[in-house]
Amino acid sequence: MLAYTAGRLALFVPMVVGIVVVTFVIMQLLPGDTAIILLGEDATPQMLAETRAALGLDKPWYVRLGTYFADLARGDLGRSAFLNESVANIIAPRLWATLELALVALLISVVLGMVLGVAAALWRGTLVDTFAMLFAQIGVSMPVFWLGILLMLLLAVNLGWLPAIGRGEPLSSAFGMALAGNPGPLLDSLAHLAMPALTLGLNSAAVISRLVRSAMLETLNQDFIRTAHAKGLLVGRVILVHGLRNALLPIVSVIGLRFGALLGGAVLTENIFGWPGLGQLAVSAMSQRDIPLIQGVVLCFALLFALVNLIVDLAYTVIDPRVRLD
Amino acid sequence: MPKALSENLSLYVGAAIVTTIVAFAVLSPFLSPYDVETMDMPNRFAWPSPEHWLGTDNFGRDLWTRMAEGARISVLIAVSSVAIAVVVGTLIGLIAGYFGGWTDLLIMRVVDIFLGFPPIILALAIIAALGPGALNLILALSAVFWTEYARVVRAVTLAQREIDYVAAARAIGASPVRILLIEILPNVIGPVIVLATLGLGTAIIAESGLSFLGFGVQPPTPTWGWTLAYGTRYLRTEPWLSIVSGLAIMITVLGFNLFGDGLRDKLDPRGVARRVRRNAT
Amino acid sequence: MKINVNFAAAAAIAMAVMAPAGASAEVITLGADVDAGTLDPRTQRDTTAYRVNNLLYDGLVNLDAGLNAQPNLAVSWENPEPTVWIFKLREGVKFHDGSDLTAEDVVYTFETILDPELGARFRSLYTPISSIEAVDPLTVKFELTEPYAPLLSYMDLGIVPSDYVEGGGDLATAPVGSGPMKLANWARGSKIELEPFADYWGGAPAVDGFEFVVVADNTSRAQAFEAGDLSIIQSPLSPQDIQRLEASDDIGKAVMGGVGITYINFNTAAEPLTDPAMRRAIAMLIDQDTIVNGIYEGVDEVATSILLPSSWAYSADISQPTYDPEGAKAALAELGWSDSDGDGILDKDGEDLSIEVSTHSEDPNRIQAVEFIQAMLKQNGVDATVSIADWPAFFPSVQDGQHQIALLGWLNIVDPDRLMFAQFTTGGPQNYGSYSNDDVDTLLAEGRSAIATDERIAAYQAAAEIISEEVPYYVISYQGYQVFYDPELDLEPDVRGMMRSAID
């Protein structure tokens, strides 16, 4: 397993190189550049030339690309011309924000998905099953941003139960404060998290519920279950335990896939709910042609995806020793 | 309910929905007296009435006609992008799976690179680089979707390659092209079709998301995504626009999903596609 | 027992420390559409930065609600010769870091903003200044290359501490000014937190804090305000939200004419728009009324000319072409356009009349306006197409004169010179449509150098007449300014969105 992990980690390098190159190429093709945005309407050609020189934009492409890689090797992600800050400093807090959102959304989707899936399997063919599966289908078919705005409209504006935008204290520190006796910030954080996480997670909940349902049904139909049933053993517990264990493998893999989808879906959700994460940063960096920042954000996402995939594959072997890594 | 019907419920309901939408798109121009462009500002945001079966939009244009045209366009964009993704992905997957070795390694790294980008960002970047327009939107979506097909096809090909008769064919020296086409491709088609059908739904939602961010097709093209984007701005005071377009997208995607699920039971009963997505590195 | 006592003591201390602060703090939260890029007043470039810096820094003057210059850092000023201005500074002004504000800082601020290396966007507003001199620690003398009437309205530029900047301080991220508020914390992309400056020369502000919260989406921002998460929101807002908020009785509100315009920029160097008669004909096909009252829901005002109603130069008698489809048809026919091949599109000499209408993707109202204009043009025989790209792609193409008809706007028009000089003089830095007219050049130069207001009025009105005839710009609307706020706040609405009145 160690060798496998090392091998996989080694593969990160060409992936990183590839992503940087592709991003660079795309950025070159984008019309408009940082200088124009910085100087705005009052720019004269001379000012533009001066700014471009100051930003190093007038050097040939291979020099710029090479410099970027050289810096990257030293761990330097560059500096944003707009925000006057190192890219790493800009990304770090937002990375936590997006992770927080994605993980909570994942939690919601797993819990919701499992509850629905198990219920649908256990009461197969009844209204419960139909309702659960209908919910699942609709959850997968609904455009995320439509759902988000509707939720905001209902829960924040009309009912006033939840705050419409923004983020509270980071969960980790909020938990700390709660343990120390001050639950206020934690409640506030959760209130801010509720709608974005729900919006983001509903889609995945639907997918997971269907998976759980079919996995459980597979188990339920197996002979040894029926035998146990016939023998009158404690069916409920047996079914649940065996069924869930059978479902575990596909769930773990789907979690990996869904986490990737959640990270991607965060872009729209963060936009709507004003959640200060990587997704919001990506869009604003794009619209400002802030190249070092865009490259940093893209790299961040890519590494996250790859890491999650790796963790999921490793988790596989732990759960089911029969699965071979190759 | 007869067994066949209940088992194939997904398939039939899905097919029914898809057929209805297609019919709507194709037949509407003959049924509706309005055209897509005529504005009628005094009658904006009208609710459904005998004159306007689905009401009017923010410019007073007849929504029935625009939604029908939108169906045609949205579905066309979705089908085109998925088709390109399928062709490109299948080709690449076949090559990677069959030839293995360095070819496979290289190709999978390229796939990793594409997968590393959050899909929306990649699509946004491509559209921003190429400029607005339907064709560029299709290209951008294809660039996001192809990896899925490549991975599945590669996995199936890898598995198929070792099967006796394929190994035998290779031993005889049959040309790779022949083997790919005759032995392997038929096994690949099933899962690919399932994925493609499900992918259509994703494509439609992706298009609406991009239009929402302002990167979709140029107005006055009545894609559902644009209508939904406008509708969201007016959600509080004139919810109808948003409701209609949101529902249209949802129902169509639902139809494709149900249909795809039904197809899966027929074409990919062993869940190859699903299992492969899990295991592919 | 010992342990118990210690535990009790620790618990007591912990409780005391954890107990919430006494009276609840009065913190004003304002919803902003963008995050500030930089908090250096010399290089600021977005509306949020203007507004934040207005609280962080002081200028020599402060513009009041009527856009007139009021003493601020300067207690008095005189203009002994047309090209000389002398400002007398207030005593005892301190910067946030405790140092004193002297004439040296004023000189430094203006010298650096004029330095091309700094890359200040507004440099062109100050280029008529040829030298700045600190006559004594409380007196500054400005010398100009020529008389420059608008100077005073640009003198609200925040003064920066020369020692701090020379010593390596980075104003962009760690601003130090002499204004009533100072920066407490800045969470990039989400929130700017300001706190009162106790040693402010005008007395410490009454509020405990002021926050600028970034919510990009106009609709979400309005919803946040209604949900009570924000205490102030202001333009830009979407018209539907404005209508709804205007109708609400339990919030503070102010709706007024603003200092911006939404307009159509004709590229006079591109066929077929080179002929003013052609531009007039197209202008006559634009239904301002529907755009302003339908799409913008009446929050803006239909424009009549290049002069703003809020400006002292305004005259209701000057009028650009109005919506007149019949007149347009006649004019186009006169110019030789007819539908000779019956395809519904006008043509001449075998070429169809095709025009591209472009705008940027960030503003849904502009997108709708462009869609509407395209439909109107199409209805009247013009083969019109729409082109929408995001700002970084759209704006450079306009700057390069690659557009035909572009819909955009101008803001911060505190003086007619701001809207006309750079835009209409031949070869002017913001003359994207390549417009050129010698009379206009002369008149605008006059307007800039004349000191007597009635001379300036005459010059600008004459220039506006010509512009209404030749239509290098077709002004669609005068932007309104709206602000909605918590009724308990004592806010004096300012058309540029400045918030100084709220903090006392």
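Note that the chains take the letters A, B and C in the order they are written out, and that residue 1 is the start of every chain.
The definition used in the following text is that contacts are C-beta pairs under 8 Å (C-beta built on N, C-alpha and C of every residue); 3 or more make two chains touch, one makes a residue touch a chain.
Here the structure is a predicted model, which means the values were calculated and not measured.
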Problem set entry | Centre-most chain, if every chain is reduced to its averaged C-alpha atoms | A
Problem set entry | B-C or A-C, whichever has more C-beta pairs in contact | A-C
For this session: Determine the centre-to-centre distance between subunit A and subunit B, using the mean Cα coordinates as centres, and give it in whole Å.
Result: 22
Seminar exercise, completed: Whole-angstrom distance, CA centroid of subunit B to CA centroid of subunit C, is 43
Seminar exercise, completed: Expressed in whole Å, how far the mean CA point of subunit A lies from that of subunit C is 37
Exercise. Residue numbers in subunit A touching 2 or more other chains?
Worked result: 30-31, 149, 153, 157, 271
Problem set entry | Contacts with 2+ other chains: residues of subunit C | 219, 362, 389-390, 393
For this session: Identify all positions of subunit B at which a residue touches two or more other chains, and write them in rising order.
Result: 128, 131, 232, 235-236
For this session: Spell out the residues on subunit C that touch subunit A in their complex, using ranges where they run on.
Result: 14-15, 18, 20, 35, 37-38, 45, 116-117, 119, 121-124, 170, 172-173, 187-191, 213-217, 219-221, 223-224, 226-229, 362, 389-393, 395-397, 399, 422, 429-430
For this session: Please name which positions on subunit C make contact with subunit B in the complex.
Result: 219, 238, 240-241, 243-244, 290, 294, 361-362, 364, 367-368, 370-372, 374-376, 378, 385-390, 393
Seminar exercise, completed: subunit B contacts subunit A in the complex at 109-110, 112-113, 115-121, 124-126, 128-131, 201, 205, 208-209, 212-213, 228, 232, 235-236, 242, 246, 249-251, 253-254, 257-258, 274, 277-279, 281
Problem set entry | Touch list for subunit A against partner subunit C, complex | 30-33, 36-44, 46-47, 50-51, 54, 82-85, 90, 93-94, 149, 152-153, 156-157, 160, 163-167, 180-182, 184, 271-274, 276, 280-281, 284, 287-289
For this session: Could you pull out which subunit A residues touch subunit B in their complex?
Result: 8, 11, 14-15, 18-19, 22-23, 26-27, 29-31, 137-138, 140-146, 149-150, 153, 157, 250, 253-254, 257, 260, 263-264, 266-268, 271, 279, 282-283, 286, 297-298, 301-303, 305-306, 309, 313
